[in-house]
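Letters are used for the chains, namely A, B, C and D, taken in the order the chains are written, and counting of residues starts over at 1 for each.
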């Protein structure tokens, strides 16, 4: 595992996606090439009302030039400050942090389950797998949201050639209902030789965790928790483990095996 | 001329006066991924208790204006695992190691300290009689001069090396507690632990910490910590390690002027893991600009009205 | 449906629960230039002492991170000039008037309170036994349960109308002080006064206040104030007026949930003179959205873990 | 005296003057036409690391459209945040506050003494006097700074037609030395029928105060003090009076008579 770097980077590109989502590209980050899907960076916000850093999953990297992309949804004070960043603004970045997804073997079928703002690390994962020779058709990309506008970067996912399956709660795009419904149907039918990779809201992760356990499909979940330090020293981000004890989401996670965490 | 950054506390020399605070640097492993710990004046471990402790269930931290609340609840590996699993790593670090000791009873403090007596790597222990986040032990010892003297004397009797007592700000007179600790045999003080506080989630109408309250830390409390350092400094001649809301070298200078001989950096590490290094650098510059030879020239040099 | 904002404290009804805090709204004249004081639930005057007081020499305030320090030193016109020059203005205001009383001796508290007995315009007095910024009186009464009970009982004996006691956070147990004040005859509490703190000018190496230390106020101390309100609420059934770091209606909701029946706005007035009005507005919205009929439905409704 | 207004205004114009000086024009401010020279506004900074408002003297007003100009020198955290304001940004303004200069009679000779950042209210004063028919030639505008770059808006002052006399400590512009030196020379010679109006650093005000007293030239000084509230309620901004007691700079001042304050 690579040592995290703590570096000042500049915002070199920002794209305003719909529904309060933004894509931010920071550079140069000397550890961009070391970032692995599931890892995150801890971003210092420009001096202002928010004191602590905020965690964001790596969404993509351009290793040749040290570009690092984050996809951020504005949900509160911290992300609102971020959204005000303009091209050329500097900020400090600490990372890569946390345990990445353990990659599947090439012949395993990959079942990605992305819910809302859980999308970015899974985009990175899909890209990485394809770069490493995984057949895009063996990557099922289940992507759920409340409504059509929650499903971002559709053309980008499609370009990967993965099998994209969308579900929205209000039925404005893809199948109507929770994304876990088609996932369940799929796993019940084709669960053998599958690996689940999920990131999204707590309810979704809980459902996926139960699905995996019930159907004996192994897989990994990427969790969120409030993270004061992000590097494992404050013990503020713990989650209870099924085996007893606590794990720190920031450094023992954020990626955990299905069944590992008492969700 | 490079200013002399060495400080001496209870006969122990520190290469520089900037340490990391208990509970904010684990047992050192994580921080060591970012920079060699030899750059720190020293490191204070998370509080160690006799048995391993899980701590409180999450959420156990909450962000506040210019600070944070925590109620970790003394989560730690316990003295045995500490000695077995953590000490070997610490033994390899070129920095001063201070082990913070906590307990629910005087016997527990004594037992943990007794076992630490044989651990060569540590330079001193820091007695945490000021943790606001546990039902038993911690702050109740540190809020009563009689109990303070008793627990300090009991540890003093079994621990041969320097003994720091970490004081709580949540008292009517921190000076009285400091005097009691001194009477019990303390060699130095750490001033201060966190300030009791709470925060409420107005949507769920529940406290933002499962422990209902926690300890306030970070820049918000710096003025309180400075007043506490000053109060202890006016009362006792023992050396003081100042802690509370220090984020940069300017804050650090304030603490030295109020009477601190060394500092600990806590919450600021979460935002800026390299804060201690930057502070040392900034302090050197300040001394140079002010033509001062040694950091000790600053200690207590506040010119009061 | 407009939610009912009325609250009752010691038999006095307030149109709304948002008051301005002592020392942060003078004697009302200046604020009245900005909006009619009838929009406030009430107004608490600057502390009044027997003789006029000049207060400490400047500088007597200093900005801190998310807050400020002040050591005004109870500057006030004295009880005579207050009655002669300030009461006529206050008498014309359609709001509740609370006069804050301070003193260096029990006799002084008693004498000021006795004279206020005849001043019809005021609705209650607030006993300041918690001012951190004077050598004599103030906080020393509020840090000792025995003295607290004594001074409260002495004032109680000469003052016939409701009596609020304003508590200090700079104590080991605010609950003990509250109980003592209750035993002395208090009708309600104001929780809390400012937190002792200091700040240093690193260029001049002098304290940033001529009084060397001062009281920390503003958003930085909100978590402390909430914990203090909760502590008093757990200890006594008397109504609590919450104060400390409140800037907006969200903060206000936190205080109600922790047990406050009314609030005072201090430091936030300096940044946003209309803060109390905005808070009342925001509280109404919150109640409406949560389908609550009365602000009193919020009081103490924190669901603890 | 007009009641202060507390209003949200927008930055409609900013000019970067040299040496960290900026001119900011805010609008619409409904009380712009009520502002009088010597009065100030209390400006809320955009949400950030500085909590309190900052006081700035009114430098000019365009009453027809509610424009209010402030001239600000960046000296610390607060003013640095201000300097980052961009056109269109909103902020809150409280004012006009404080006691204005008492205007001289038309036949009195006006001796303005501006030191560094004390310049803005005196610019407003000169403009106002001329607007009201004061002969510009009877307005002596002494303007001092450490160096050439401290003397801003020279052409603007000159356009007023006043008798501008510059002094810089390093002699890079105008007379060499402290501005109080030529003021003294002038007052010693022509002190009769003069009124002094001074604003600037403490040392300068002290010297002017002494000059006025020694030469029996009446006048007014505009003072600065840290101002938590700006409206007279906190008692944080007091200065000792020669007659004993304290005065609040924010509402009993900032303009005081020469001799009134124990400087």
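In this section, a residue touches a chain if its C-beta (ideal position, glycine included) is under 8 Å from a C-beta of that chain, and two chains touch if they have at least 3 such contacts.
Computed from a predicted structure; not experimentally measured.
S.K.: I'd like to verify one number: the distance from the centre of chain B to the centre of chain C, where each centre is the average of its C-alpha atoms, in whole angstrom.
M.R.: Whole-Å distance between the two chain centres: 34.
S.K.: What whole-Å value do you get for the distance between chain B and chain D if each is reduced to the mean of its CA atoms?
M.R.: Roughly 48 Å separates the two chain centres.
S.K.: As a quick test, compute the distance in whole Å between the mean CA positions of chain C and chain D.
M.R.: 36
S.K.: Of all residues in chain C, which are in touch with two or more distinct other chains?
M.R.: As it turns out, chain C has residues touching two or more other chains at 65-67, 219.
S.K.: Using the touch rule from the top of the page, what residues of chain A touch 2 or more other chains?
M.R.: Chain A, residues with two or more chain partners: 49.
S.K.: Among line, ring, star, complete and other, which best matches the way these chains touch?
M.R.: ring
S.K.: Can you name every pair of chains that touch?
M.R.: The set of touching chain pairs is A-B, A-D, B-C, C-D.
S.K.: Which bits of chain C are touching chain D when the two form their complex?
M.R.: 23-26, 30-31, 33-34, 46, 54-55, 57-63, 65-68, 70, 72, 75, 218-219, 267, 269-274
S.K.: Along chain D, where are the residues that touch chain A in the complex?
M.R.: For chain D paired with chain A, touching residues are 47-49.
S.K.: Going by the contact rule set out above, which residues of chain C touch chain B in the complex?
M.R.: 64-67, 69, 143-144, 170-173, 195-200, 202, 204-207, 209-213, 216, 219-224, 226-227, 230, 245, 250, 253-254, 257-258, 286, 301-305
S.K.: Considering the complex alone, what residue numbers of chain A touch chain B?
M.R.: Listed in rising order, the residues are 3-4, 6, 44, 49-53, 92, 94, 225-226, 228-240, 245-246, 251.
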